[in-house]
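Next, two complexes with chain A in common: one pairs it with chain B, the other with chain C.
Then we have the complex of A and B:
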């Protein structure tokens, strides 16, 4: 049986989202102003985490790694 | 003889019905969306030329239903029939295109810009940087794949604005 048809980026362990975000990010890097600033603003994001106890939300701490956030 | 005449009549009626239906819808309804912006919502256009991973293809009215993953490339929108002016061109990083049975086409992209917004100098310098990163990365590594994505995107952008990179 022939091996399944796939892409080089999937073989290297990237998911489709990782691939397409990399492509979009590369594209944003090669834009002229003011399109660049506008596009780059779409790329930045961050997550906060907080623990609720007794119906009260605890302090928010920024998540630095998605791997660590799941623990 | 009678059955033959009846058959011909039915065929003629069927042809007429088909052609009037085709004449009624010569436009494609286009929905073109980015995460932060709706470029077109239900716009009536003549043709959309889509850069699919398996090849560039054009969608006009009554196209068969189709789903395609997009490659970094140029999306062209022809508002009027051929000869009705220059197509509107966007560079897209990737995404998906869906053509429905009722001439509705959805294009969803993570990012899209007008070709005029692409900086030729930045494209060349990014390409060279990615090329050397690709050469120095271990074969089959994630770094190498990322460098290859960068090379491909910059090459496609260069092609779109007439800068030849290799």
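Then we have the complex of A and C:
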């Protein structure tokens, strides 16, 4: 049997970190209440990002999920 | 002149007190009283801020003690963190093209913690340029953003502000994704500059070099002694991403604990200073009162 050429999540256009976080999120989602709410709160985060060019700050974009990070 | 003034003041201290005493450069009783009250209010705020950060420090310390073993593996692939020794730090172990990542916060009132990081980054850029090397900056935290914009505006490629603490691995992953988007793979190393917590009274500035893996070439190829199930290049790119996230996670926790401890110390000092001020104002008020009565 030959090894797989690439991973299925890469084919879906995910990065490794997106995949890892998605897996963690799914795992947390499988918990029962009240542990679920507590665990789900752990993955929430928020920050604003902006790209700079030539010493000038670009527009701020709020980031709240892995999918939106690094855009 | 003097006896009449004394008599006048005794008759109507409120009416004359202001004029005569301001000539002598003294505050009136009322002014001193107000100032004492204002200082007392500030002292209440600073001492409660101190209590809050002391409580939060406990949480930050716990998170840090968990983050250290979590990130320990990455030091098998990266050099150990190096302490920044103020202006004398040579930064000569940095490669030709580095991506500097200063970790600062959005909040003030925590001593010089953010300024130390900004200053270290500025020195680092200056020294790298002097050595004919390149450096770009991805700044984390609004305080650092403001300072870096003044120091090295042209080097900034990306910024992340209003980063909400406490950090989690999800947050670290997102920040790592930001670095990847800033082209982390095209640099010879990502350098994380952060505050390292030693104990509640001491923190140090450190930098961590996270070099990318070497895929091919004359020099030593990373992890050459290992066999890979899947495609090696892909696996190593993934591992690099994960290593970056892990290192960011650790640096963020370290910085958060240092910031909280620094805030605690700053607020403690502020409360102490306010207390001293209240004492001296009270004394002055008493002396004033004494002069007026006698």
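Keep in mind that, in the parts below, the second predicted complex is superposed on the first by the 43 of 71 C-alpha atoms of A that agree within 3 Å, B and C clash if a C-alpha of one lies under 4 Å from a C-alpha of the other, contacts with A are read in each partner's own complex, and residues count from 1 in each chain.
The rule we apply is simple: a contact is a pair of C-beta atoms (placed from the backbone, for glycine too) under 8 Å apart; a residue touches a chain by one contact, two chains touch by 3 or more.
Predicted model only: the values in this text are computed from it and were never measured.
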Residue contacts on chain A - larger count, chain B or chain C:
C
A:42 in the overlay: touching chain B, chain C, both, or neither? Say first, second, both or neither.
both
Have a look at where A:50 lands relative to chain B and chain C in the superposition and call it first, second, both or neither.
second
Let me test your reading of the model: by the given contact rule, A:21 touches which partner, first (chain B), second (chain C), both or neither?
both
Identify the partner contact of A:30: answer first if only chain B is touched, second if only chain C is, both if each is, neither if none is.
first
Answer with first, second, both or neither: which of chain B and chain C does A:6 touch in the superposed model?
second
Contacts of chain A common to chain B and chain C in the A-superposed view 20-21, 24, 42
Applying the document's contact rule, which stretches of chain A touch chain B when the two form their complex?
8-9, 11-14, 19-24, 26-32, 35-36, 39, 42
In their shared complex, at which residues does chain A touch chain C?
3-7, 10, 15-18, 20-21, 24, 42-52, 54-57, 60, 63, 65-66, 69-71
Could you please specify the touching residues of chain B with respect to chain A in the complex?
35-36, 72, 91, 93-95, 110-111, 113-114, 116-119, 122-123, 126, 130, 140-142, 144-146, 148-150, 152-154, 157
Interface with chain A, chain C side, in the complex: residues 145, 149, 153-154, 156-164, 167-171, 173-181, 229-231, 234, 237-238, 241-242, 245
